[in-house]
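Two complexes come next, and they have one chain in common, subunit A, joined by subunit B in the first and subunit C in the second.
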Partner chain A sequence: MNPSDTTTIIGFFTGDGFAGYADAIAGIVFLVMLATTLVGGIIACTAERLVRAVAGLALSFIGVAAIYYYLNSPFVAMMQMLIYVGAVCVTIAFAIMLAAPEDTKKNGPSGPLSGPLGLITAGLVTMGMTGLAVNTTFSVLPKENMGEVKLIGIELLTSYSMVFELVSIVLLIAIIGSLVIARHGRSK
Partner chain B sequence: MSILNLHNSLNTYLILAAILFGMGVYGLVTRRTLVGMLISSELILVAASINFMAFNRFTAPDPTVGQIFTLFIMAIAAAEAAIGLSITIAVYRNYKSVDTEDLVDLNG
Partner chain C sequence: MSLTILNVVIAVVIAIAFAALNAAYLVWAERRGAGRIQRRPGPNVNGPLGLLQPPADGLKLMTKQLVIPGGADKALFVVAPVLAMVPAIMSFVTIPFSENVVARSMNIGVLMIFAFASLGGMAILFAGWGSRNKYGVMAAVRAVSQNISYEIPMLITVITIVMMTGTMNLKELVAGQSGGIWNWNLLPSLSSPLMPVAFLIFFVCTLAETNRAPFDLGEAESELVAGFHTEYGSMGFGLFFMGEYANIVIGASLITILFLGGWGCPLGLFPSVWWFLLKIYLLIFSFIWIRWTFPRTTIYGLLNLSWKILIPISLFNLLLTAGLLKVF
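Let's turn to the complex of A and B:
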């Protein structure tokens, strides 16, 4: 191996070559996660059995967490995994097991017209929002900071402390309320 | 623009959020059980969060605000899921069904 080869290898890892490859890999991973999100969403809204719909929902949420990572927010990506994938999906799975909606007559669309009409409604909403997004020019303001986790903590406990406390109370009341509603009639 | 550079464009995220929102609306319209409708409403909430995060990353001057808003949306979504599921279980206990067509006692 002559010296020029070594230079090429080092250049591959430190210079523009590696940066170019890293960008390409980042782009490919992003496309995979985009596909994960969309496929999970399709499974979640069309699957016949609700357990599969929940699994699709979890898949979609994992893709969304990766998309948050691409939006410079690893903290929110982690909270997405914890709260949505870890808590909400598991709660819905519990509800499916407790309420056994699979035993009901049919899980398919309600009525012959609801499928096409729902598809038209969803298509119109999606097309309208896409058209708005593509045809609008958004004014970009210069960044004041990079949105680090430390700054999120400071903002949460200073500017948004009132909202923080309110959300805490809402969560507490939601827990107590759901216990009261779901426990009713269980004592006998 | 190259397809590998899609993650640096605001429109990608907005269109993805629009598609997820459309899926949620489709599921909400066509599902016939309460749990299925709840699953679809979670898709709608996550689409709203993606929009907030995209504008936060690309246009907002202070990128902490959108992240905090998304965290609050997550908290509200968790509360909503807990309440919705407990109502579903209460309905199932009273009606032995979570089919929306059986819950017609208030139907005039």
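Let's turn to the complex of A and C:
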């Protein structure tokens, strides 16, 4: 090892040498996030035990939260963790435990999309998305702020109040849907 | 201070070491305290005052075989203890011990701690379910329903404080309380006269969130063997234990930062990290004191306390503060 190598290594750990590797490290971190999201999604879709599927879903959500953080939106990232992992996944896991369906494993009827038709659809969708991603010229938007909570709040209640209200209607529909299902269950 | 790999490594090592050391010696403090309160000696054989007991316990836990019960969900069983430890370590990243002793000061520090704390629920659920033990499942369901119920009044109280101070940055929250005891959020102010009540709510919620007596329904020994970690031995159990005590330290730090002026001195002189440590260890002492002097509640009493008393009061406090902030 010649002297210049040693200085590089020392600089890598202590000084500005880190800046030279910043892009490479950022790329690796981004790939890890993508892998986490994808692996979580695959586990969620293919796991035979429901609790494992929830675990995969949680992993996928954490990966998405990490990507939000990477994209300079720490507030959205934390909300993703708090709501999707802390509330949604825990609620699903709760429901699964109360229903205890582990020992009665049975596959549901396969729909028309299983088999070659599904494969073709998936292939077409992938091709379309890839084509779009490759052919679009992505323009880098200027960074407006650090994603401050106050600004987000003001924007949500002024410019985007309509979207905000619509999102709450989605939740309302979910509540009404669960009430309908629960009523049906009781009458049986 | 530039961001170098060395800084990152040092921050991570210090966070893990602090969590582990605290876990080890808080267990000792807890057992000594329990002994003193219950008029028995506690661990006093190994070393002076039994101070060598934690390393001995650690060695024992690490050298034991990790037994995975038959029929257990292996992946979840192994992942759960790690998942219990992760949020605790992550939270230490953003907790400011003093003006300069903070790994990464974030604008949404409060939110980050709660976001990672919500992972703890998943860990408990996976542990209970993965070990295929009915006591484990029942305890997990209990512990998580308790955690969810007490998260609500806790977060409402935090919102009240964030409304008053206008910041989620833990450093700025402390800076807003600098200059002596009369500036602390603990005391009633013009815009929020119910602050002592909010402190009490937050304190009770911290006890419940860390699954400690009188709210330790998740590991009620007399009915559920040992709760969600019944099937765990060796370092799996060790990690749950470390996570639990790290969570206690984080809870005490949050109370200190939100209500007790962080690293500020009560008289406004010489702010330093020692004040912060003094405050959190006084709070932890009070947790231990409460644990060994109060009997366990029932699960219904526990949930009723949250949904029928703490949530309405904290909501009322939120509305009152919002109204008064508009007036003054």
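To be clear about the criterion, the second predicted complex is superposed on the first by the 109 of 188 C-alpha atoms of A that agree within 3 Å, B and C clash if a C-alpha of one lies under 4 Å from a C-alpha of the other, contacts with A are read in each partner's own complex, and residues count from 1 in each chain.
The criterion applied here is as follows: contacts are C-beta pairs under 8 Å (C-beta built on N, C-alpha and C of every residue); 3 or more make two chains touch, one makes a residue touch a chain.
As the structure is a computational prediction, the values presented were derived from the model and not from experiment.
Touch criterion met: A:Gly27 reaches subunit B, while subunit C stays clear of it. Between subunit B and subunit C, the partner in contact with more residues of subunit A is B.
In the superposition on chain A, A:Phe94 makes contact with both subunit B and subunit C. In the overlay built on the shared chain, the residue A:Phe75 is in contact with subunit B and with subunit C. Judged by the touch definition given at the top, the superposed model places A:Glu155 against subunit B, while subunit C stays out of reach. Of the two partner chains placed around the shared chain by superposition, subunit B is the only one that A:Val167 touches, whereas subunit C remains out of contact. Of the two partner chains placed around the shared chain by superposition, subunit C is the only one that A:Arg49 touches, whereas subunit B remains out of contact. Counting contacts by the rule stated earlier, residues 75, 79, 87, 94, 98, 146, 148 of subunit A appear in both its interface with subunit B and its interface with subunit C.
Partner subunit A is touched in their complex by these residues of subunit C: 2-6, 73, 75-76, 79, 106-108, 111-112, 114-119, 121-122, 125-126, 128-130, 137, 140-141, 144-145, 148, 151, 166, 168.
By the touch criterion stated above, subunit B contacts subunit A in their complex at residues 2-7, 10-27, 29-36, 38-40, 42-43, 46, 49-50, 53-65, 67-68, 70-72, 74-83, 85-93, 97-101. Taken in their complex, subunit A has these residues touching subunit B: 23-24, 26-28, 30-31, 34, 37-38, 41-42, 44-46, 50, 53-54, 57, 60-61, 64, 67-68, 70-73, 75-76, 79-80, 83-84, 87-88, 91-92, 94-96, 98-101, 104-110, 114-115, 117-119, 121-123, 125-126, 129-130, 133-134, 138-148, 151-152, 155-156, 160, 163, 167, 170-171, 174-175, 177-179, 181-182, 184-185. Those residues of subunit A lying in contact with subunit C across their complex are 12-18, 49, 51-52, 55, 58, 74-75, 78-79, 81-82, 85-87, 89-90, 93-94, 97-98, 146, 148-150.
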